[in-house]
Every structure is written in structure tokens, then in C-alpha cells.
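The same chain A turns up in both complexes below, where it pairs with chain B and then with chain C.
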Partner chain A sequence: MKRLLWLSVLVLGAGALVAPLAAGSSGAATSRPSPVHSATAKGPHAAKFLACMVTDTGGIDDRSFNASSWQGVQEAESATIGGKYLQSTSESNYVPNIDAFIAEKCGIIVTVGFLMGDDTESAAKAHPSQKFAIVDYTYSPSIKNIDALVFDTVQDGFLGGYLAAGMSKTHKVATFGGLKLPTVTIYMDGFWDGVQYYNRKHGTDVKVLGWSEATQNGSFTGDFTNQTKGEQLTATFISEGADIIFPVAGNVGLGAAAAVKAADNSGAKVNMEWVDTDGCVSAPQYCKYFITSVTKGIQSAVKSAIVTTAAGKFKGGNYIGTLANGGAVLAPYHDFASKVPAALQKEIAAIKAGIESGKILTPTRSPV
Partner chain B sequence: MSENLTGPGGNGPEHKAGPVEGPPGAEGSPGDTGPDAATAAQANVATSLLNAVLEGNSAVVTFLAIVTAIIIGGLLIAFSSPTVLHAWSHLFSAPGAAFSTAWAVAASAFSAMLEGAIFNPHTISAAFHGGSIAAIFNPLSETAVNATPLILSGLAVALAFRAGLFNIGATGQFIGGAMIAGWIGFAVHMPMILHVVVAVIGGFIGGSITGGFVGFMKARTGAHEVIVTIMLNYVMEFLILFLLGLAVFRAPGLPNPVSPPVDNNAMLPHLAGATLRINAGFLVALAAALAVGWLLNRTTVGFELRTVGANPNAARAAGMSPERTWITVMLICGGLAGLAGASVILGTDFALTPQIYGTYGIDAITVALLGRAKPGGVVLAALLYGSLNAGGVTMQAQTQIPVDITTVIQALIVLFVAAPPLVREIYHLRGRRNREGGQLLAKGWSS
Partner chain C sequence: MTAIPVVRHQRAAIDRQQAIAGIFVMLGLVDIFVFGFLADKGDAVFTFTLTGAAVSVPNLNLAPGPVSEGLGALSIVLGLLYAGLKLTSLSRRLTAATVMLAFVVAFLCWCDAGRTPLPFVSLMQTTMLASIPLVLGALSGCLCERSGVINIAIEGQLLLGAFAGAVIASSFGSIWLGLFSGSIAGGLLGALLAVFAIRYVVDQIILGVVLNVFASGLTGYLYDQALVPYQNRLNSPNTFSSIKIPVLGDIPIIGPILFDSTIFLYITYVMVALVHIGLFKTRWGLRVRAVGEHPTAADTVGIRVLFTRYRNVILGGLVAGIGGASLTIGSVGSFGKDISSGQGYIALAAMIFGRWTPLGATGAALLFGFSVALANVLGTIGAPIPSDFLLMLPYVATIVAVAGFVGKSRAPKADGQPYVKS
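Moving on to the complex of A and B:
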């Protein structure tokens, strides 16, 4: 009896595998009988412009560039634009994932991260009519059917550094990264430059712990996930006297925030700046410690790439997000609006205008 | 006291000099008992684990483990789908719809998986209407491509297993192989055929150095290979990151830590036309499996290896040197994992990146367990995992079900394989309850 039970389970299981295949092959090839598509699709699929995104191995919920890109896709979704993504579990998945989307005739294929640079390029060259966008990668010379989206975050990093230097009581600020990648160190270069600029203007000697643009050496936690390491490193910086911390390490920054909170609870006056997104939105529980956030406009750049392509105005070539075009901006002060001295706020605004007009240069050794 | 701290390795020559003295440790000086007891305990753990893996599972249990995992996977797919959950919220008003929706969602996922891993009927009709014939074989090609590094790294773990060693370091050895093979691929320029052969051999050597170091540490200092391999994984992960920061390894003109692509001459040749990714790496993997089988069962080295795996003390008493065997085995295992790295860098990915190692090294452990540490078993297990990976890509593309579900299924398979009593209980099979391999296995991992 019991054997009968599991036998029947087996048969049912096997049936589940075989039945749809049989149905698929006997059914006409014109309409693919895919129950999920008809069950989950919100409207007629064919009529929609499809924005298709391939994640890198970090996955869709990495709270970093994959997540931001996907938010951009979701924001672009509308009655006429649909969005979907494929997650890559290994680097060998990039090619099949891109190929799957080409076969699906996506309106635009968004690939995320420099690791997909080469695969996106060869796919774009093999399919000249297929439109692509890639986040955090540029081509030289630029490629006609790829929107290459990069962000000159050294600019808002510069503002963040200047602000930190102006707000520091101990004349020590600190920054650290997740991994020593150009997309990380560009923020740290900007932060470092901003502090030096403040020192020159005010004749102060605010020190930066954790990074030096000159030597390109500094503190890194080793990944973008281990919050404990961020907490330890931040606690070390605080014990060395830093009172403003700028983590450039995705999720690891939450560990830094925990350390800042612990220091605050024990009476020390320590604050921080968030990175990539507006911290008061993405990590609101720590908003009261965030002086500001040094953001990167992946979300809006991806959204606008999709929307313009859907409207038939695909640009192609390289796009560089800057202070001027809103691709790399300093987030609002939120809780600190009243705490940042008006004079300092004015200086920041003036420097912002200076960078936008090109009067203030923001050199970096991690060019976009 | 200091000479006693050298551990089991240091005691080796002493016992070899007088194997007739009896079991090592029994008659040694009091200071000797520590390291020897450790060796004995380790040997017990290794033996019981080996027994569990080799004998604890019958083919039936393995098969049922796979079926059970797939059924649970199907349930997960069905009940993580919003459509199904919506249908089930109306279970009492429309019970038929609830079940049929769940069924349809799970069935479409698995049929997409089959289409991605084995055969897609639509490609046949497409071929008749001017489509490419190669497309018919694309699923099989993808399965083979996904299986290739798993076969090689799985063999690296399985062979070590047979010698009583837990090789957790396939990741580091993979990186060692990929680094050397990749460097030969893009920095050295050689004529056709020669280049790819040299690069593949370089991959073997790169992995061999990494793995051999582990064997050397264990033989000379008694350092436990689990600790050394795990730590070495970190060392290698950061080593490749460091190297990609140097001008020698970085593609010129780009700020990113990515190496230049390997030369065309260094790429593993495609086996079935340029559109299919299946390449000579698959043949290398199959040849490696045959070679490992031959080594294990037909050579003196293999005999010593299995004897040391069964009981290092007995092997030593019989005049074999476990130390030498450990070094030899780890050299070969490292080389196999290095070949896996070469197969990826020269076969599919072509450029070194900081994440080139993916999860191959970890998956290798599960493949070796599922393949019961036998070369043939490893090939079959790797093909199963390869097909799940290849099918997962298609499943995700067609149905938008998260690809992570394939990882869950893979994990469940190993869970059930490692726990035969559980499977026997589920299916009410009469098993050898006195010799439950699963309990031994559990004890092996925890002690």
C-alpha cells in the first residue's frame, strides 16, 4: 500500500515532466503553449516593448548596481514597457543569458557590470539591430548599438569629502572600500580630493584615514557583504579619532552604520556619509547618522535609456553621469539640513557650480 | 618536546623503521600518543565517511534522492509563484483551479529545464523552416559545457576522498590553474594546437602547485588539509585580485581588473561548429575521468592511495608511506582542479576576472559526494548538475522563475544522498538499519 503511494508519486512526477513536452511537440509551432506566460503576464506580451536585464553574479538583490539597475527597469515599466531579468549564477552564464534575450527579441538588453563588457560587445557586433545598454562600462571607440552608462562619481565624492572635512570636529575623517575596484576607488579619490581642497581653502589639516589618492592604497574589507568587517574597521577608525566615516562597500556600509550607532550610544559624536543611493531611503533606520549620501544615478540612467529607446530615440555611444546631468549627485542633507552650517552649505553649492562649469577640476586615478 | 610537535608527519620515519613493532602509537613514548591519536581519529573519520559515501547509498537511494529533490523543487516552484498563491487563496471555491495552476507552473518550469538541458522540440520544427540544425543540439552542448569544469573539479575532490583527504580547496586550485593557463593564453604567443596544449598543461601545473603545497604541508608538518585548503582558497582569491591589479595581467587601456582575452590559438577548439559552445575541454574531462579510474584501480599508486585512505596506520605498517601518498594525491588533485580552471578560461570565459572561480570548487564537493567518489559516478553527477545548470538558464528565461531553484534542487539531492535513512523512511524501504551510512557521514562531518 505504502509502496503504491510512492509509486504513484513517482508516476505523477514523471508525468509532470513528460506531459508538457508532449503537449509542446504535438501542438502547433505557431503558438507556444506556455501556461506561465498566459497566467502571469499582465497584458498581451507581444505589444509591449521589452526591457531585459542580465544581472552579474551578484544577483538582483545585491543592494548595489544590480539592484539599482533593476529599480531603473521597474521605474521604466508602464502600459507599453515591460521588464524582466535573468540572473547569472556564474560568469559562464553571461553569453547564454544574453542570447536568450536576443532570441526573445527584447527592445533593449541591459547588462550590468564591467565583467559583461566583452560579451556585450560581441553580442552587439553579431546583432547590429539589437539595442543594448551596459552599466559601469565604456567602449572606445564607442559602439553604435550600445548605450554605455558610466558615472563620474569622483565629482560628488569631492563634495562629500569637502562636506566631511567641514563637519569634522576631530579633524580626522575616514573612508574604506569593499574591494579595490576602479568603481570603488573613484569615490575614495573624490572624497580624498575634497578634503584636501577644504584644507587648502581653510588652512586646516584634516586627515583622511583609510585612503590616499597619491599612493592608491587604503583599507578594504574584502567583499561587499560581510557587515562584521565593516563594523570592526569603522570601530578602529573611530578609536583612531575619526568622527565621519564614508564606507564605499555596498552592504558592508550597514556594518559601519552599526559601529557609528554603537559609538553614538556610548557618547561619541560620530556620523557618516552613505554611498551609491540616498541612505535615508535605502537604510532609513540609520538616517539620523547620515550627513548626506554620495549617489550614483544608475537607476535614473537605466530608466532613461529604456524610456528613450522605447520612444524610438535610442542614443548609443557613451553616457557619463555627472553632477551637471544628475548622474552623480550629493543627496539632500535630510536630518542634517539644520546641522550643516549655512556657510558650509553655501560653499558646497559654490563648489558644485565650479565643478559643473569645469572651473574646479576633480582629478582621479580611477577614470571612468 | 619539540620533536613531538611535528605531528604525525614527523613520526613517519620512526615507524617506518620498525613496522613490526605493532600498531603505531601503542608502544611509543607518552609524548607520541597525542599526534598518533589524532591520526587514528582522523583515519576513523575518513574511513567511516568513505564507507558512507561508497557503500551507504545504493543506486536506488541515489535515484530516489534525485526524484525527491525534484519533487520538492517542483513544490517550491509552484508555491513561490504569485499566480499559484492567488489560486490557492480560492482553494475552497475553486479547488480544481488551485491544483491545476500549481501543476501548470511546476510543469512549465521543468519542461523549460528539459528544453534547456536535453532537447527542445521547437528547434526541430524550426530546423525544417530554415532554422539552424545546430540549435537542436544546443541544449546538450550547454549541458556538456556546464558539466566540464564540474567533472574535473569533482574528480579533484573524489580522488582526495579515496586517499582519506577532504579537499575543500578545489576553488584555490581552480584559480591556480586558471591563472597560469590564462596567462599562457594571452601573454605568450605560439602556433596553433601547440598553444592550447601548453596552456592546458600550464593549467594542470598551476593547480598542481596549489594542491601539492597542501599535501606537502600535511606530510611535513601534519597541518590538517581541511584548514590548509580552506585558507588557501582565500589566499588564491585575493592573489588573483592582486594580480589583476598589475599591468602584466590587466587588459591595456581599461581600468577594470580584467585580463586581455586569450589568443585564438589558445582557445579549446569547438567540437561541433562555432555556434555550439561544446569544446575539447569536455573530452579532456572525460579523459581525466578515465585516467583517474585507471590510476585508482590499475596502478600501484592507486592501490597505495586506497590503502592509505582506508587506514594510514595499516598502510604504514605495510611499508607504504602515507606522507608520500598525500603529496602525490594532492599534486594530482590540484592538477585536476587546475584543468577545470583551464577548461573555463580557455573554453568559455576567455578572460581572467576576479570572480572566475565562481562556485565550481564548492559544487565539486557535492558532485564528488553524489558520484560516490568514483570517477564514473563523478561524471554522471557532473552531467546531472550540468544539465540542471543549463536547464536553469532556460527555465529562468522562459518562465521568470528564479534560477536559484536549481541550486536548491542540487543541494536537496546531496542532502538526501547523504542521509539514506531519510530517503528509506520517506519511501518505506527496508534498509540496512544497522549499517546506516548517513549517520556515519553525519558523525564524520561533525567530529
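Moving on to the complex of A and C:
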């Protein structure tokens, strides 16, 4: 009897601690201490337009697409617009989190990530008056009450690959992904293409480890959270002679950065390129290893989706970010501004112009 | 009454031997027809030197066709001998090891044929790194279960160790303090396990699972509330850098694998030796095992059963906590949610596969570490295997290992049974 009693006490106790986190339904998961709830404090009539964001499993602090999306929400916040978010700790949280925001009557619900595509679609169809925006997913045919924001990152990935090929001393560069999703492999396709383009132009034979556009097969860590795997994989690449690493794996990239740092400490000259956001801003401790970052303009796209919706001009349909419209950008060189040869910088600028004008094609096999 | 089971037992043993021989022959056929005949053109190249090493070892170039076919033929012959002959237990194990090794080599030749050279040293280095938390977790399991308490909470101990290691090392600026507190944090969860399992005789399997969920929830909550906003203060520790042991570290091939790593690898060596000698060569260990096998008898001769169990469960927690700390301050530095990602469960499987012995568990953990490293390397050399299958590899190895051997391993007799003096 005593045994049972203690067991149930223990289970209840643990359950009480864990439940709010796991379900992501209330309390801890709602928001960091920012002036989010002030709207409701003023009473029902002063209610703001609420922009509500559901994160992917990477969490709000993934230094990647979730973080960028949240920055976009925060930038959109104003006297009349409030922002809040729910974190998904697993894929089973997507639907409950979306439903929670529908019940809260959010002005727009921003879902983040390719994996939420189907759940967002069914929620949008079940609630045709609720407005949505989704990052990294498109629908064909497009759906009226969803703003689908995608980014043609094959373009800046191409530039990143070209730059990496030009900067590599060992003539080997490497890339790897978190999960094998189109939004991940499109970067890798671009990177691969950029390296091949460099090889054609300069008659070199720079090899890409970890991905081949032709076979669509390569190295993946299996998630966006396990940094140790990113570190081990990067160490393997370095031991195979790669000296520029391009992780396309959100937070897992930090593991890659740790491996690059360790290699640097032991005397090897290894650098990397960051993905999604400007690495020197989102992970400044490793800035000196970042040649550049292959970013996508999630932040501005999310912000403009929210602001236009709040102003009553919700568009719906698909938006594609490119080099030309600022939706896919190669970040500044930061510490490498003086280390990237001027000639190479010029070539990059010329290729950028070529891609924007459509003279240089950036083929991709990844469907986006 | 007794005759029938004996006969049945013998027949089962013969069936088992035939079945294993059949598996050997099948593996040999796969070697020949898949890895031999279907290999791409070009040699498989294995490199044995890291860039910048003082002594360079020549590369090994193997032509996949003849090598795989030779190894396959060897496996088939061994399989037939295995079915026909009466073998001692040692030669049986040696045969099995040879066939498995032949299979792995043929597989690697097939994967690497005509592609980027396969870096053997870095493959083994990753194996060691990936094994550290598994070995320490499995040792924790051995310490607990040998005294008769089931430790499912290894996962939670790793997680708390990783958390405390990162946070303390970051806020006090001392990685050694981080290592120490990581161990303590694991020990605290061990103490919790001990109190509930021994004092309040809660079902130990349920208890372990609950403690894991508790550790995951607690660290996840603290991560969101404290570590994210105060990232720089609380979650950016330094990490241990690798220490090269003089002379030994310069030996070609072996040196960089075994003697040029962080302090955690050396701690792991010491722990394996300590736990093995402690459990099997000392009076202390004899008493621990007596408590795990037959607590009533142990009690009768004056061994303090409950005290022994408390002590061992907490000790186990301390060891697993070190393994947890290796996940943060031993490698990537910062803590991330659920950073242990199921390695505690793999450690548990390694302990069972290793038959509750420290050396066996270490071997099993190395096997799992190897499959993780192999999946990494095969991805990077562009092996013709879809990446999803590579990601599955460690888990498939776990299932095969546990399913294939679990029938033969025996837990300590009083494992999981609370001792209540009557």
C-alpha cells in the first residue's frame, strides 16, 4: 500500500513538472518575459492584433529559422501589434499548438518549418477565416488564407559554394544537413552547383564531400538538435581533408563550429559558412571561423506578412524570396573581409548580378 | 522428470549451432555475390595517417572483387566447419568474430570502391568519442544492477550530468568544477533512485522511466527559462582540449586513437579498470555481487544489504554523471535540450549485451560507437547507401546485438527485487 502511495506521489509530481513543457499548452512555453501580455491587461476592448508563432522542434533559440521567424515577429510588434509564441518539443505538438492559437483568435498564425506544412494546411481548411503564414513551405495550388513564404536559397547557396571553392586550400569542401528535407537540400544543391561552377571557370577540381546533387544522397545528422553528431561528422570531414564546412542543420551547426574550433586549436586551417542567419550575429563566439553566411530573409518576410495582415491587406498565396528581392542573401564577410581576395570578391559580385538578371542559371533538383 | 528437459536442451543447442552456421554461410554468400560482384570499379583505399602526423603509414589499397570473394569463401568454409565440428566455446567465439570481421571488411570495400579514401584513424577516433558516454553509462548500470537495483535512469543521469557540467563550468569559469558537478548531479539522481527503490520499494523499472522524464522536463524547463535568456553567462562553457600522452600518442595508428583525446577518455579507461577489478577481484566486489544474487544469504553472514545498495546506486550515478558531462564540456560545450538523445538507453542495452560485466559492457558500447562512427564516415565518402539507412545503423546494431545474445545473458538473480527483512 505504502509502495503504491509513493509511486503515485512520484508520478504526479513528475507529471506536474513536465506536463506544461511537453504539451506546450500554457505557462512556461508561452513567452519570454517581454511585454506580450500587456494587451490583455488593458481589458478586452484595447486588444491588439495578435501575431502568434508556432516553432518547429528546434525551438525559439535555434539560431536559425525559428529564431529568424521570431525576430520577424518581434520587429513587427508595435503599439497595435503583439507577438507571442508556442514551442513544439516534438512533431506531435504541432496540431495542439496551432489549435491553441486558433482558440485564442490570433490575427495571424505563423507556423515555422517544412514539417508543419500538412498540419497548417488542414487547420487552414478547417478554419477558412483564420489567417496563416508558413515559413519554408509552398502549396500548389496556393491556399487563400495562407501566406506561404519560401526562399530560393539555391541562389545564395551557389554563391557560398563558389566562395568556398575559391577559399579552399585543400581543394575539398564539405556540407551536411540536419534532416533530408527539400528546404535543407536546396542549400546543399546550390553549394554543390557553386563549386562545380568554380571548377569549370578555373579549371580546378574542388571536391564536395557530404552531398552530391546528381545522386541526391549525402550526410545528415538526423535532427536539428544533436550537436554532438554535428561535431563528430565535421571532425570526420576535416580528417578527410575538407577545410571549409557548410552545415545546413540549424543548431547542430554549433557542433560543427566546435569541431572547427578544435581543429583550429590543433593547428589545422579550417573555416566554415553559417546557414539561414548571419552567423556573426547569431553565434558571435565563432565569428572568426565564418567566411560568410548563406542566409534567407525569413525575418523580413515574416515581418511584412504580419504588418500587411494587421493593416488588413493580407495577400495569401506563395511568396518566393530570391537574391533579387532580398529574400536570399549572402551575408557580409565580417572578419574575412580582408582575407577573401579582392578578385574573388569581384567574381562573387559578378555572379550575383548574373543570377539576378537570369544570365547564370542555378539548377536545383530539390523541389521547392 | 529431469531427463526430458536435458534432451530438449541438447537439441536446442544443436539447432542453435546449425542456425548460426547457416548465418555464417549466408554472410559469406552476401560477401561474394553482393560485395564482390556488385562492387563499383576501382580500388577501396584505406588511409591510416592523420594530416600532420609525424610518421606516415602507407595506404592500403584493396581490390573489392577478389578481397570480398576471398573473405566470403573463408566465411562459408568456417560456417561448414562450425556446423560439422564440436568446438570449444573459445573457438566458437573466435569463428564468429572472424566471420563478422570479414563481413565488415567486405562491406567497407564495397562502400569505398572507387570513392574518396576511407580514413581509418578518424573512424576509430569517432568510435572512441561516441563510446565514452555509453561506456560510462553502462558501467553505472553494472554498479547498480550487480547490487540488485535496476537502473533505467541512466539516460536521466547523463542528461543531468550534461546540464550541470555546462552550467557550472560556464558560470564559475572552471571546467574542472563543471566535471565535478556533472558527476554530483548524476549522483543526486542516483540517490533519488536509491531512496525510492530501496526505502520505499517502488517498482524499479517504472521508477527509472519516471526519473528520466523528470530529468528531461527539469532540464528542458530550466533551459527555456534560464539558459536561453542568459546564454552567455550560463551556457557557454569552455571545453576540455585533448591531451596527447607523450611517446604513446606518437605511435602510428594506435596513438591518435587511444592516447590523444580529452580527459574523458582517460577517465573512462580508469573507470573500466576500477569497476572491473572492484567487482571481480576484491572483497568489496564479492559482497556487492552477493547482495545482487542472494541478499538474504548476504544478510545472514553480516553484509549490510541496504547500505551496499544505496552506496552502489549512488556510485553508479556519479559515474554516469561524468559521462553526461562529456556530452557538453567534453565536446560541443553548450547544453541543448535532450542532448543525451537516448544514449542512456543504448548504454543500458550495452550493459545487458555485455552480460552485466564491465568489460563486456565496454566491448558492446564500443560496438555501438563504431556503428555510429561508421554511419558518419560512410555518409562522407559518398557510399551508395541512402542516408536514412545510415542513420538507422546504430539502432539496427543494437537490436541485432540484444536480440541475438539476450537469450544467453543472465541478470544478477536479485536484480530488481527490493530487499525487505522479514
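In the analysis below, the second predicted complex is superposed on the first by the 295 of 368 C-alpha atoms of A that agree within 3 Å, B and C clash if a C-alpha of one lies under 4 Å from a C-alpha of the other, contacts with A are read in each partner's own complex, and residues count from 1 in each chain.
Rule of thumb we're sticking to: a residue touches a chain if its C-beta (ideal position, glycine included) is under 8 Å from a C-beta of that chain, and two chains touch if they have at least 3 such contacts.
All values derive from a computational prediction rather than experimental measurement.
In the superposition on chain A, contact of A:180 is made with both chain B and chain C.
After overlaying the two complexes on the shared chain, residue contacts for A:289 are found with neither chain B nor chain C. Of the two partner chains, chain C is the only one that A:265 touches; chain B does not reach it. Contacts of A:158 after superposition on the shared chain: neither chain B nor chain C is touched. With both structures placed on the common chain, the touch criterion links A:84 to chain B but leaves chain C unconnected.
Within the superposed three-chain model, A:197 lies out of touch with both chain B and chain C [touch as defined at top]. By the touch criterion stated above, A:117 is placed in contact with chain B alone, chain C being left untouched. Of the two partner chains placed by superposition, only chain B is touched by A:104; chain C is not.
Contacts of A:65 after superposition: neither chain B nor chain C is touched.
Applying the stated touch rule to the two superposed structures, the overlap between the chain B and chain C interfaces on chain A comprises residues 2-3, 6, 10, 17, 21, 29, 32, 87, 89, 180, 222. Taken together, the chain A residues at the contact with chain C in this complex read 2-3, 6-7, 10-11, 14, 17-18, 21-22, 28-29, 32-33, 59-61, 87, 89, 174, 176, 180, 207, 209-210, 212, 215, 217-220, 222-223, 225-233, 235-237, 239-241, 251, 254-255, 258, 262, 265-268, 285.
Residues 67, 70-71, 74, 81-83, 101, 103-111, 114-115, 121-122, 124-126, 142, 145-146, 238, 241, 245, 253-258, 261, 277, 344, 348-351, 353-356, 358-360, 389-390, 392-394, 396-404, 406-407, 426-428 of chain B are the ones touching chain A in the complex. Interface residues of chain A facing chain B in the complex, by the touch rule stated above, are 2-3, 6, 9-10, 13, 16-17, 19-21, 24-25, 29, 32, 34-37, 39-40, 57, 84, 86-87, 89-93, 95-97, 100-101, 104, 114-115, 117-118, 137, 140, 179-182, 222, 366-368.
Residues 50-52, 116-117, 119, 121-123, 125-126, 129-130, 196, 200-203, 206-207, 210-211, 213-214, 216-218, 220-221, 224-225, 228-229, 231, 236, 239, 241-242, 327, 331-334, 336-339, 341, 372-373, 376-377, 379-382, 384-388, 391 of chain C are the ones that touch chain A when the two sit in their complex.
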